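I have placed the structure first, in the form of structure tokens, so that the comments after it can refer back to it.
Lettered A, B, C, D and E in written order, each chain numbered from 1.
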Amino acid sequence: LTSGKILRLGRILEPSENRAVIIALDHDSYAGPMAGLADPLKVLEVAAKGGADAVIVTPGTLLKHYKSIAGKLGVILRIDGGHTSLHPNPTPCSALTYTVEGAIHLGADAVVMMAYIGTEYETMSLRTLGYVASQCQECGMPLIAETFPTGEFSGKERLAEFVKLSARVGSAIGADLIKTFYTGSVESFKEVVSGCLTPVVVAGGSRMKTEKDALEVARGAVDAGANGVAFGRNVWQSCNPLGMVKALVDIVHKDKAVDKALDHIKS
Amino acid sequence: LTSGKILRLGRILEPSENRAVIIALDHDSYAGPMAGLADPLKVLEVAAKGGADAVIVTPGTLLKHYKSIAGKLGVILRIDGGHTSLHPNPTPCSALTYTVEGAIHLGADAVVMMAYIGTEYETMSLRTLGYVASQCQECGMPLIAETFPTGEFSGKERLAEFVKLSARVGSAIGADLIKTFYTGSVESFKEVVSGCLTPVVVAGGSRMKTEKDALEVARGAVDAGANGVAFGRNVWQSCNPLGMVKALVDIVHKDKAVDKALDHIKS
Amino acid sequence: LTSGKILRLGRILEPSENRAVIIALDHDSYAGPMAGLADPLKVLEVAAKGGADAVIVTPGTLLKHYKSIAGKLGVILRIDGGHTSLHPNPTPCSALTYTVEGAIHLGADAVVMMAYIGTEYETMSLRTLGYVASQCQECGMPLIAETFPTGEFSGKERLAEFVKLSARVGSAIGADLIKTFYTGSVESFKEVVSGCLTPVVVAGGSRMKTEKDALEVARGAVDAGANGVAFGRNVWQSCNPLGMVKALVDIVHKDKAVDKALDHIKS
Amino acid sequence: LTSGKILRLGRILEPSENRAVIIALDHDSYAGPMAGLADPLKVLEVAAKGGADAVIVTPGTLLKHYKSIAGKLGVILRIDGGHTSLHPNPTPCSALTYTVEGAIHLGADAVVMMAYIGTEYETMSLRTLGYVASQCQECGMPLIAETFPTGEFSGKERLAEFVKLSARVGSAIGADLIKTFYTGSVESFKEVVSGCLTPVVVAGGSRMKTEKDALEVARGAVDAGANGVAFGRNVWQSCNPLGMVKALVDIVHKDKAVDKALDHIKS
Amino acid sequence: LTSGKILRLGRILEPSENRAVIIALDHDSYAGPMAGLADPLKVLEVAAKGGADAVIVTPGTLLKHYKSIAGKLGVILRIDGGHTSLHPNPTPCSALTYTVEGAIHLGADAVVMMAYIGTEYETMSLRTLGYVASQCQECGMPLIAETFPTGEFSGKERLAEFVKLSARVGSAIGADLIKTFYTGSVESFKEVVSGCLTPVVVAGGSRMKTEKDALEVARGAVDAGANGVAFGRNVWQSCNPLGMVKALVDIVHKDKAVDKALDHIKS
């Protein structure tokens, strides 16, 4: 990696251990003011106070709150989208809604985009991913790719295979960090990690039943060799967002057990 | 926001109170010489005389009348369009018809564009919106987004929810000001305003039954925390356009009641 | 308008009266060597000799005959097209076939392009029109838009309404001169002219039954306030092309009656 | 002038009367925190409160205080300099220190630069002036030129002749507004104004002995047909800066006599 | 020559005879409001009324008066300068003060610049001339070069030799028209004309003793094969500027004798 990518990634993945707790709050670009995210400043403050390394934000949130972020959190800018939750017939394909050059001018430490794998639209997604990867390399801007297999592939075992394939594809095309789903077990996720050319962080996805469930995903991923987590709804829709951030930091950076980490939630 | 955006927005939203009365007269790019808008100069003169802060104009109107606008009104340039009212099968999607660089050279204080939410075409709309947002950020040019849910969503309650979502989506993608529909009640519009990352102004839309109806929309929006209005047909198709501008100024900038403001219409 | 646009337009619309006789001979880009236009030099010579102000030409005609044009006629370059008369399934949409920068380097005094209104393709047409308008403003190059409603709107009364709408739309998007159809009566065309933000010239279209018919269109248009004519087939497919140019000059620049102007044809 | 130039100049020269009171506070780019200018915000507030039309500022002052300027004052950005008061051997020649494109992105309403006339270095100055004039024309950005004859030309009569020549030279090369010295008498300054192709404002220069002296310069200039004043030290080094701004507004915009205007200073 | 150059030159050199009467009024860029040129509009009106073909103007004059020029006069833009008459130690070398691209956007029909020959600085002059010639060729913009030998070469015979050399040098480097001094006799100027690769027009220079003297220079030049004149002070400092323009038109375009042409002055 170039100097620009290493210096910037160093504000996301803590360099000595190469791990990160990332809080995602970019959901407003498709779902509007979701419960827990109506005021993004609250989430940013919780992320910083709890010790998270970086946040995923939309351009609008960055433009409004950069003064509150400066010196506290790494900034990952969401640069794609294009579907809202009102779309009558959504397709698994996103479009670029910002530019890499614009991201660098805004001071972002990385850009993040989706690439849905296993759909009729994947060619378009991968073309865009590759184009952005090429631009990012020129600029020294780290690229985080969310290369998810689409939901049509059911059955846990096949999912693991598809996540593994998708993560490697994203890294092969030129992303610097892969954000993907947890595959349900340490064993299966080990294969995802070992099959991928770059570090991997796990996404949280929809809110899970309990905080414990979410922390176990984090624990399993890290045990499997993942480089951390990128959690959103499981943090800011929790009954205790600050506790969740602290618990994730305990698991990812201090290698604590889930039960120990849960202390932050209860208190 | 950057120096360029703040200085330019300061000619639209009166800086001490952050509110604006905007008169929209950009309808000729799709509907030709509408009743009341055959001669845009008359509308420009009424807007200035009545104390409006800014106008929304097409490039053609600006090129013809900039000398009459200079020093009197902020200029918001319509940069998209592409449907006329003769289109046999209109789709909720517009196309860029001018450039941000061109707008800045013409001396515009902001650009405005549509992004229809909740349609099959929203990906294209949001991609264009994001691209323009990125350009605007580079140039210090404020971007006003009209992020409207399409008309297929009927029922007042759902409308409020969809307007709220759409406004936030537009602001998340990087617009600096959202222009949207009034949701019918102060309570519901408060949520639109609080859920949006930027100031919000309400559009007037089609001509309402009475001037009082239109002023009540303005009054409700401001009471809900909106930053003003962007009215067109309800001004220049009124029996008393100048009175309507003055009444809107009374409501938005002087916080007068509708009945008091109506004095301008009667006289 | 800028210095460049005013100086260039001054070679098309005679500045003291703002009127023009334009001879269109750009039909070879879609119809090949039409009868009367096999040798464009003959038409150019007739136009100059008869006192026309400007000609509409294709790049090929300009490249071959600029020496015969220099100092005699204003030059309007056709920059779009893309359908020939051999197209098996023509759609009302044209494509740019030359650039504004190229036109300025060739020494053109204006560029002309089509935008069909009232079709499914109008979005594409209007986007291109706006893009060219923006470029032309940067370069000081006048833009002539042919914003025609498509033929599907039959019935004279509706036609007048649609021509009016189309002319205004073209001028709102940023054209400097509109070329459109005559609506059949002085009264109806007055509305087209007064509803348009720019000067208007009438197209001749297909060859009319008699020379008198064509001259009456010119006479009616000028009486309605139009700024002149842009005639092609009705000139160079006439039995007396030179006479027709002279007759048009009589009507447009000398305000003569049709019967008087017809003297040029008979002799 | 183009749309961009007219709209922007309309925020400096009040359009109905074409006159301006400009407060210059750009001295920190060569003299550091001069007495009276240590805190530019105070001067900006005095300028706005007193009713001045615009200010001349350095990029640093704009970047720090644009929020206090927005909606209140036109912004003229100093884009040249390059000598400080510590220069051991100063030459009458300045260098560009900012770009026109940068100025337009910052939201400036005009740029201002020097061109010393009557020195060995004038070729370099005029070349730069012309280059900037050409760029400003492309961007719609007004250019204010300070075309001063250098101090070596002593003797009042010759000074008047040289100021006249210098003002015309600056306007011939393409500036949109000339800022120059007062020539000491209404009669001689009338010739400066009538010989110049553009509006003219008078500079105040070093602090004069009394406030009355400074106001008499303003009065004389306006009586000679000048379009206003651009005063700095004579405002913010005055015992009563706010009074001076108000007095200048009285003279320039209300055509009051010096004695009447002096009331603002005494009170 | 390209289409662009021929079409534009056709507005300067009347195409059928290739001759021009050019009125130069670009002196304000170095001498300010010279006697006779304080108001350039008067000179422009005299030029048009008298039948001149084109004018040489500064950017400032064009920006102020393009509406009065449109459709009446060809426009030659002065794009260099850099010395004023206040320069304490002038060197025979000028600098570019405008751009070819800017000139083309302003609608100029040609650009004109100096190149002093026979001085220490000629390398710099010729380098700039060649650079502009190359740009002009790309843009289709005619370039007029004033390739004057400097005044140090005294003695009429040597002057003729030097003018001949300088004219050819300018044309060899890529200018499209040479403006130079008359060499005092038809015989000697014939050699200038025949030795030059392009058309040649004679400059008038300082005001001559009588109008007759000036007309005899024009007569002699045309008799020697020159393509016309570019006169300034000898026109607008004449007791009868309009008469002088008419007299020059008589000589250049109607091949009249000096005595006959002088009738315009007397009347």
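Note that contacts are C-beta pairs under 8 Å (C-beta built on N, C-alpha and C of every residue); 3 or more make two chains touch, one makes a residue touch a chain.
Remember, it's a predicted structure, so these values are computed and weren't measured experimentally.
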- Item | Identified repeat of the A-B interface (over half of residue pairs identical), from C-E, B-D or D-E | D-E
- Message: Applying the document's contact definition, name the chain pair with more C-beta pairs in contact, B-D or B-C.
- Response: B-C
- Distance from the mean Cα position of chain C to that of chain A, given in whole angstrom: 58
- Item | Chain centre separation (chain B, chain C; CA means) in Å | 36
- Report the inter-chain centroid distance for chain A and chain D in whole angstrom, where each centroid is the mean of the CA atoms. 53
- Message: Where in chain C do residues touch at least two different other chains?
- Response: 2, 138
- In the complex with chain B, residue positions of chain A that touch it: 26, 28-33, 38, 40, 58-61, 63-64, 79, 81-89, 91, 93-99, 101-102, 105-106
- Query: Contact residues on chain C for chain E in the complex?
  - Reply: 2-11, 14-16, 62-63, 66-67, 69-72, 75, 104-108, 138-140
- Please name which positions on chain D make contact with chain E in the complex. 1, 117-120, 122-124, 126-127, 129-131, 133-134, 137-138, 149, 152-153, 162, 164-169, 171-176, 191, 194-198
